[in-house]
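Read the structure below first, then the notes.
Letters A, B, C, D, E and F name the chains as they come in the text, with residue numbers starting at 1 for each one.
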């Protein structure tokens, strides 16, 4: 694995010194009887779930089942119509800042400004995460973007844009990642690479919640699936 | 009719043609401009009414005349671009617009600098002045529009369309402004009575006008060459040129 | 030469400010346009060769990867 | 030739469903108008003098800004693209848009004119001239604004670019309309100005729809 | 607290890359200004009288319409969403946007004021008052417009909705600014008006950034 | 098949009376050495292809390979940078109106106005195609939209919106269909139904050009694939 991800090892040591705040196996996030109503439609009701450190939760379901809506609730972007969210057994409302600092959310949209280059976009996200600036050339090369670092992102293909967007995960220090369809627009090799990287995050004690329409090929113990039914 | 033009519409040919013409045109323009201006500035007697301030005429009138001439050149290019889909014409619309805008700005600035001593004010809302200002806005509109699209082709085509629409409107604007002004203005402000120019003053003026005309062509050559390279950068001939 | 002296030439019969303002600003604008057009041409050629070099690098990198 | 009917029906239905699209410009017109007494001062005479110009500038800006959204929805959801591919119905579509635009922004301004006359202290003679010029001028405003909207539909630069392009073209209209109102306030005849406005309107009516369809075609490709 | 630096650098870089975003509003300002002599008539005295109001209305409209696009790109591509999710940096982001907005639209208007004074025949005393009011007033304009832009970022109704929301809030500014210029033209003191404008600016400076961040949060959810 | 598509038979008879203009097996559309350049990237060069009546051409390739760009060229929405297009052996420029009348193009975007209901959208498309208005309730029911005909389309899920958009095919009288990723957002049963319907169009003498990232499950003789390579 070292051969494939040289960059990861040079970026990761940080984590060794700063282990995640919640130890492996401990309860990280807990949702209690959530319900979500969008335009008079009940998407889900009485939904409860738990995510522990070192666990990956895949939210599955048909188009329109409410996966993205659920992820936005969990990321604190929307407030549930009913039910509540607990982070480390405390209501998220009380520890909002801690929770937000320990969370990395990447949604349907890439978070990439089309007029800025890949390097500039990454520098912006480093600043927003209060991390020191660093040389991202090697990171981008690992992601298959060698030679494309300094042209505006609008000239990149959809898949390449998504790679730039996911590059944030490589330097994120958050324990919980919430990813809405991270594999969109990626080709098979990129998907495999990303899953390897997920595995690494999980074994270090991180946690991931994601949705995807493609089956996960990774093998891991703490891999759970939540099936949302489509109701009209 | 456009058969004989066809080989000249090939970007590569145009590129090299412009490259060959450019030094000559630029040299001739500079020479004539210096000749006309120095003659006009130093070797003609002053106007009996306006004194030496009238020497501004050697920039003002060439720039004013060529600001309109440049617009018609741009509109013709735009028309060709739209009707016959000639790419080179399309690119020359964008290449020529900044030249016209600069000429218009020169006409405005020299006119203002002339107006202060003659009329006692930098600016009045006179017909000619106003329509020249609107002409500047039209140029700037074409430039702004061409840059507003992520796709360069679309920008060029849409700007051509605007240039053509503008040329239809230009006489209407000119006529209406003329009419508007004469209604409101009494004879309060000096009219643009054509000064009966002495031939000794006329020659340098004519030379300067010619200089502005040739300078327009020279600048067009430079800018069109860039436009051709930008739009044809995927072609082997451009790559070969950039490679070495 | 119509003027008697250089001083008189620069003064332009009292209209020096306006005359030289017009001539100065006009020449500056024309020179700026000419320089900028030429600069764009050079600049683009430079960008293009950089782009071609980058494409070459990219190809090499991809060949290495596979 | 495709008939206009179904296209117009669709536009009107959309207007009925999205009331903000025609209420907002009208409100904008009124607010901009009421800024003038605040900014320039409340003297009735001054207001009467500047009224013609001010009314027309406000009308111009509100029609212009309303036009910005005209093709946006149909461009984004692919309707324009598919109509361009099938060629025939495009002109009918454009004509329906034009008509709907005038009905939803030009006509309300005409209907609002009594209120405006009150606000700006306009006398009876100028008021009649105002109604007449609005009746002749707002269709022309619509035509030019729709052209601007079609030119910039894929540009994504907002209303300000549209305004830049089209405001210079509005100037003749502004001059003639305010001249007519001024002439009326001085009890002079103003047939001449109205005739010129009518001529401009007919001229634009002949040319603009074609220009709009080709602008849409360019923007789609 | 996240430092402002990198955020501001990003905005300035974007402005350098998309020149239209600050050139267009300036042009729009000039065009709207030149509409007034055309509509109202070219008499220098009349123009001088209406100049304060007209300058401020044009400034208002151009800042307003420029603000429309401020959050659009970052909203569409999900930057706002992700910043809201991570809470901390949102305020720095908003402050950077505010500053960049003023630098790119307010400041150019101040720099353009000599030209405007020429065009509208403004005398020296009013000119100084104009520069001072613009210096104090344009930041306030920016603050309010940014607030409007944040409120309407997900509404997709174009600049006209924004204008409707924000124009009423501008009215105090308009009144004091044009009163100051008028006082100056009559050689009266106008410290009072400037002091009020300063007070309004400080008040807005304290409140608006918070309001903007919460408006963004609401729009994202 | 009858049982599955009752509606088709009630809509189709029209075609029996008005057979397509080009007989089966004849050359319908021909592209000669097309090339397409977008933002200084050559997407494809010297591309030639032929489509006969009764043939289905699937354009395949990675994201960003230029599939959509090709389809837009073929639909006459863009002009090729080089090469030309022949319809019935005549340059498309000369017979543009005939060609456009015999073509039905549905792109990435649905062509559905979100504020209008499904019925209103269909009525609009009928008018645009110069077809008489008709009762579309039965058609929408076949497409699984029973009961959703009269609510604004923005309240429909992505897949349902796509069904509304594809409903146009059911009453189209054009011989050539150009469809850009028609299966996007559709679930498996809808995809199967659509493929059945394609088969019917093809056997009647129609022709289809489409792109899709999913493999086609239909079995048909005249099914050709064009692979576009991704080049940077």
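What we mean here is this: a residue touches a chain if its C-beta (ideal position, glycine included) is under 8 Å from a C-beta of that chain, and two chains touch if they have at least 3 such contacts.
Heads up on the chains, UniProt names are A, F = Heme exporter protein A; B = Heme exporter protein C; C = Heme exporter protein D; D, E = Heme exporter protein B.
Quick caveat, the model's predicted, so the values are computed rather than measured.
Q: Walk from chain B (Heme exporter protein C) over to chain D (Heme exporter protein B) along touching chains and report the minimum step count.
A: Shortest path length, in steps: 1.
Q: Of the pairs B-E and B-F, which shows more C-beta pairs in contact?
A: Of B-E and B-F, more C-beta pairs in contact link B-E.
Q: Between chain D (Heme exporter protein B) and chain E (Heme exporter protein B), two touching copies, which fits better, same or different residues at the interface, with half of the numbers shared as the threshold?
A: Same, since most residue numbers here occur in both copies.
Q: How big is the gap, in whole Å, between where the Cα atoms of chain B (Heme exporter protein C) centre and where those of chain C (Heme exporter protein D) centre?
A: 18
Q: Could you please state the distance in Å, as a whole number, between where the Cα atoms of chain A (Heme exporter protein A) are centred and where those of chain C (Heme exporter protein D) are centred?
A: 49
Q: Go ahead and note the Å separation of the Cα centroids belonging to chain D (Heme exporter protein B) and chain E (Heme exporter protein B).
A: Computed value for the inter-centroid distance: 26 Å.
Q: When the centre of a chain is set as the mean of its C-alpha atoms, what distance in Å lies between chain C (Heme exporter protein D) and chain E (Heme exporter protein B)?
A: 33
Q: Would you pick out the residues of chain F (Heme exporter protein A) that each touch at least 2 other chains?
A: Within chain F (Heme exporter protein A), the residues that touch at least two other chains are 39, 79.
Q: For chain D (Heme exporter protein B), jot down the residues that touch at least 2 other chains.
A: 157, 161, 164, 167-168, 171, 175, 221
Q: For chain C (Heme exporter protein D), write out the residues touching at least two other chains, lowest number first.
A: Residues 55, 58.
Q: Show which residues of chain E (Heme exporter protein B) lie in contact with chain A (Heme exporter protein A) when the two form their complex.
A: For this pair, the touching residues of chain E (Heme exporter protein B) are 2-3, 5-7, 10, 13-14, 17-18, 73-74, 76-79, 81-89, 93, 220-221.
Q: Considering the complex alone, what residue numbers of chain B (Heme exporter protein C) touch chain E (Heme exporter protein B)?
A: 112, 121-126, 130, 133-134, 137, 140, 144, 147-148, 177, 180-181, 184-185
Q: Considering only the defined contacts, which chain F (Heme exporter protein A) positions touch chain B (Heme exporter protein C) in the complex?
A: Per the touch definition, chain F (Heme exporter protein A) meets chain B (Heme exporter protein C) at residues 37-42, 79.
Q: Could you list, by residue number, the parts of chain A (Heme exporter protein A) that touch chain E (Heme exporter protein B) in their complex?
A: 72, 75-79, 96-97, 100-101, 103-116, 120, 123-124, 126-130, 133, 152
Q: Please give the residue numbers of chain B (Heme exporter protein C) that touch chain F (Heme exporter protein A) in the complex, ascending.
A: 85, 151-152, 233-234
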